[in-house]
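The following pair of complexes shares a single chain, chain A, combined with chain B in the former and chain C in the latter.
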Partner chain A sequence: MNYEKKVNKLEGKLPERVKNRLIEKMEEEELKGQEADELIENTKKEYKRCRFEAGEAIGVIAAQSISEPATQMTMRTYHVAGSAQGVEITQGLPRLIEVVDARKTIKTPSMDVYLEEEYQNEEEARNVANEIRETKLVDIITEDRIDLLNLVVEFDIDKEALKGVNMDKEEAIGSLNKGRRKYEAELDGNVIKIVPKDDDVSVRDLQKIKNKVMDKHMKGIKGISQAVVTETQGMWTIQTLGTNLKKVLKVEGVNPKKTVSSDPREMEKVFGIEACRNTVLKEGHKTIKDQGLDVDIRHMMLVADTMTVDGELKAIGRYGIAGEKGSVLARASFEVTVRHLTDAAIEGEVDDLNSTVENVIINQTVPVGTGMYDVVYKPERSE
Partner chain B sequence: MGKKYDVTDHVRVPEHKVLSSEEKEELLERFNVKEQQLPKIYHNDPVVKELDASVGDVLKIERNSPTAGKAVYYRLIVERK
Partner chain C sequence: MTDLFLNGKFIGTTEEPKELVREVREGRREGKFPHDFNIRYNEEEENIRINTDSGRVRRPLVRVEDGEPLLTEDHIEDIEDGEIRWSDLIEEGVIEWIDASEEEDLLVASKEEDITDKHTHVEIHPANILGINASLVPFPEYNRGDRVSYGAKMIGQTLGFYSANYPLRADTKSNILAYPQTPLVTTQTEEAVELEKHPAGQNVVVALLSYKGFNIEDALIVNKSSVERGFARSYFFRTYDAEKQRYSGGQEDEISIPDKDVRGYRSEEAYSHLSEDGIVPPEVGVESGSVIIGKTSPLRFMGTGEFVTGIQNRRETSVTVRHGEGGVADKVLLSETENGNKLVKVTVREQRIPELGDKFATRHGQKGVIGLMEPEENMPFTKDGVTPDIILNPHGIPSRQTVGQILEILAGKTGALEGTKIDGTAFSSEEEDSIRERLRDCGFRSDGKEVLYNGTTGEIMEAEIFQGVVYYEKLEHMVSNKIHARSRGPVTLLTKQPTEGRAKEGGLRLGEMEKDCFIGHGASMTLKERFSSDKVTLPICKKCGVVAIEDESKDETRCPMCKKSDEVEEVPMSYGFKLLLDELKSMTIYPKLDIGESV
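The block that comes next holds the complex of A and B.
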């Protein structure tokens, strides 16, 4: 279209979304040549006015914009957790701290597992959920006992539970007899018998074997304790408690293009730093939004960008970004002052006073806003 | 099981492109920065492994931004220590 051509001449001057809306509006109003030019000119001017000027302390603004609503969260939500389907996931302030701190292990990691098109119905979704959810022996028995006379451990099979996870008795025995072990599992009617290989076992040993066997992995993917099937607008998805993204992506029926983990570190490992940035952004923003608070996403974007600039996820705080600042005084002003100063003295570190905190400390103009700039005199060269 | 998936196809992974050396020069000129001042990405990042790129290359990343529609970002490939 005519309009599109005009707008696309602005390559690099306006963001994609503003351009699209400009075209939309112009088509709607059927603007003529000059009017359209005027609109574009004004939009350009207005956009320029809306942008932050160089030197604006956007970091401080972001920090305050996130922290203020976060203080509201403390009061309201420490004890509320859990969504409708019984999958309890950390929310509110604890979750926000987890994300921003880039914790190695998060409290309740979870995954949103999306399904391929052919699996978009309840039955298939349940089947996939069964493939994913980890089943241990404890989950499929009703009773456990030790036969002291014959020195064997016995388990009564829970038929319903077994059916629920799509297994039969033979499969269960097969799973029990996998890997290195000190026993042999046998089937006797509806009872699983665990016969120790060692003839000379004490009751205590039997007790140990029993506990070990009850924890034996039977089916599914290790680390995933729950998998709940949900439907929203005709889309079947599985929400899990516990993550193992790498393995889940390889399960038949799972859509590997959309399935995500709530653990930014896991996303970094599997999909790279850019996906990790997106996850930090999404999780952070979602946490705030779920609390009914409204924080502009741009603040969260700045946080996510800062956490991932160096190619790996870094925490905001002593062990991440703040601990790696170039200036000694800036680091000392944050935490453990004395250690930073003594270390710097021993190494003969130089502080170039390039940033804010160090200049505040020595009572100089801080490089923020108009303070960013110096007057430079350039004498003309004589030819 | 044993199904294969493509990292670059994922919804959370934006498009990564390797810049040619001329494009890289132009970029550094345009922003008046040195190579080391660009954001980094490790050479063993899952996405970099899929691309035909080596340490020292610059990647152009076209992100889908909720505010701007599209946002362009650049990362320099560095070795992980």
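The block that comes next holds the complex of A and C.
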């Protein structure tokens, strides 16, 4: 369209989203040539006004804007008991620290599993949830005992539970007899009998076998302990406790385009660094927002961007971006002073004094705000 | 089987724990065991713990048997007649000392009326559940609990008449209230601890009124004329000391007016307060920084080589009055230390007249600082001409729920008018109705309100004002102890940065987070200026990047590395950075400064 052509001339001056909205609005109002030009001009001006100015200390402002409310979080560490039907996920300050620290393993990883069009009803959603949720033998039995006479371990099957996870007895036996093992599972009416292959077993060995078998994976995806089906505005989704994104994406009925994990590192592995950045942004912003605090999302954007610019997820702190600052003095002034100084001496590092801390140390103007620019006047030499 | 522990140590087991505990207790009452022998049977943990060690908190309780307290009317009569004493009651087993663990086994009634068959003990008086400080709060049961705690805590901070022999004592720091009074509203504990012999406050007339607005946020408006008459005036004593120490080589300190040749000699004027013996005589006025004990010591690092003696090789180590303090030399004490060294102690006395910002409190945790000192002629007055000494803000009352204080004001007013003391002991205080009735009998409204006239305009005030007498305490937090400001001042030797702390006239640190605020605002120039306390300008060799040497004898500034002086440039930096460079050099790291073209 005509509008699109006009707007596309602005390449690089406006972000994609603003451009799309501009086109949308112009089509809606059916603006004529001059009016359209005026709107574009004004939008450009407004957008320019909204950006921060050169020399603005956005890093410090972002840090203060996030950490001031975060201190308030420490003071009221209340948590919502039993939220989201039993799925209790780390919230508040611990969660925020987890995200910003880019922890290798997070406390309660979870997934938001979205479903394909055809699976948008409660029954199908539940089926998918059963498919995903890991079922162990413990979950489908009512009682366990050791038969000392015959040296056999016995389990009473919980029929209800078995039905709940869409399994029958034969399937259960089949799952038990998968892989390398020291026993043979047999079905005897409503009882599963575990017969050790070795004839000469002690009671202690039986006990060991029993504990092992009870933990045996029967169905579903490993690592996902809970999967709760929820409906919001006609959309059926599954919330899980525990993640295994790679496998979940392959499950039939799961929408692989929308399904996400709350673990930025897993997102990085599966989808790449941009998805990781968005996860950090989303999770960080959500934790603050859930606590009833209002922090502008752009501060969190800056954090997420700095954590991921290099193409890999880095923590904020000693082992992350703070430890990789360009200036020796800045690094030395922030924790483990001696190591940074000796390393710099060995490598013959040069500090160009480009940032704040190092200039504060030697009492020079900090290149920020009014210290950003110099008026230079060099009189011509008259010879 | 139940384990048996004595003072935490395992000593054996028993099959009949209840019987054993009973026997031990009975034995104690009969005098077979000492009375500080406490025993507890813990059924859940299946153990018996006997404690006899020191440091346990114990309190006396009256024993109850079959629903009747063992302390009878006969006992009380005998005590009144002086026939028996406290120790007789304990020997008889009427009263027992119970510790915290034994109390777990008992059921203690707080009042005699509450006793049932199940009770084993009863309080001597219900107020006994309170500690000493808390039981000095009148009408505590009418207050919210936390207020009583705050009040009890602040009783410990009051200035008063702590000891009658204070003129002889040489405490390092002490305060004496000039005109202490015993409270009009008392508690029985006060009598028991003989508080009337060392009171810690004054009864003053207070009005609950937000006059002129200078008492917002818990501030107090104080009648300036009351202060001039001596309200809350106190004396602060500080004792300084000096010891005539002996050093190796037969040298020793000398307490005298230092000779002019001594290193660090102050000035003739500085020693003008001293008498010939080098010590200030009593009743001589001194101010902060003046020498009160003149002293010289031998030099610290006496080499083993040449042994120089003589006055030139002594240093000044006089004792001076602390920064921000002053007053009058109160007394001089000459003595000896346990090593036989001469010891001089000089006490300086300073009068402390209440000033803006001094802290006061009632016994109900209602604390505040002086916000305004108003002359009496501007204070509101009643038809009889009574003006309040303190105007309290009524906004401090509802949220804190210190009803006890309202009652104290009412009771204090009644007591002042009748010339009697009124009992405010917890759980057995004077009844509110009786106080009100007696107040009415004195010709006042029973609710304590009075018609007041505006002190500046003379107009009648629209509302009646609640006014009465309350016991006010002056707390030890006074502005003169805390006031602190600095522009220029002393710096530390190593870094040339300002010293830290009020006592050293230090600066107020602009810390990490404050720095971030300046950066956040983009105020680089302000930041640089604020951090320039240790600014220096140093000559730097442009080629080698090290600090050059200023050689005055050759009148040149030369680089210590290339020995040339043609490429030396003056560079401003912080002394702290120069120190960092030096320390790096000492660690064999060569920090080369690469200075560009000067603009």
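Everything that follows uses one rule, which is that the second predicted complex is superposed on the first by the 317 of 383 C-alpha atoms of A that agree within 3 Å, B and C clash if a C-alpha of one lies under 4 Å from a C-alpha of the other, contacts with A are read in each partner's own complex, and residues count from 1 in each chain.
To be clear about the criterion, a contact is a pair of C-beta atoms (placed from the backbone, for glycine too) under 8 Å apart; a residue touches a chain by one contact, two chains touch by 3 or more.
Because the structure is predicted, anything quoted here is derived from the model rather than measured.
Engineer: Per the contact definition in the header, classify A:Ala275: touching chain B only (first), chain C only (second), both, or neither.
Structural biologist: Once the two structures are laid over each other on A, A:Ala275 reaches chain B alone.
Engineer: Could you tell me if A:Glu312 is touching chain B, chain C, both of them or neither one (first, second, both, neither)?
Structural biologist: Only chain B is touched by A:Glu312; chain C is not.
Engineer: Who does A:Gly179 touch here: chain B (first), chain C (second), both, or neither?
Structural biologist: Neither partner.
Engineer: Which partner does A:Glu252 reach: the first (chain B), the second (chain C), both, or neither?
Structural biologist: first
Engineer: In the overlaid three-chain picture, which partner chain does A:Asn20 touch, first (chain B) or second (chain C), both, or neither?
Structural biologist: Touch partner of A:Asn20: chain B, not chain C.
Engineer: Once chain A of both complexes is superposed, is A:Gly33 in touch with chain B (first), chain C (second), both, or neither?
Structural biologist: Neither chain B nor chain C is touched by A:Gly33.
Engineer: Does chain B (first) or chain C (second) touch A:Thr365, or do both, or does neither?
Structural biologist: second
Engineer: Contact residues on chain A for chain C in the complex?
Structural biologist: Answer in residue numbers: 55-57, 60-61, 63-64, 341-342, 345, 350, 356, 360-372, 374, 376, 378.
Engineer: Residues of chain A touching chain B in their complex?
Structural biologist: 15-20, 249-252, 256-258, 260, 267, 269-275, 278-279, 282, 297-298, 301, 305, 308-312
Engineer: Quick one: which bits of chain C touch chain A in the complex? Just the residue numbers, please.
Structural biologist: Touch list, chain C to chain A: 515-517, 519-525, 527-528, 531-532, 534-535, 572-574, 576-577, 580, 584, 589-590, 594, 599.
Engineer: Name, in rising order, each residue of chain B that touches chain A in their complex.
Structural biologist: 1-7, 9-14, 16, 39-42, 45-48, 61, 63, 65-71, 75, 78, 80
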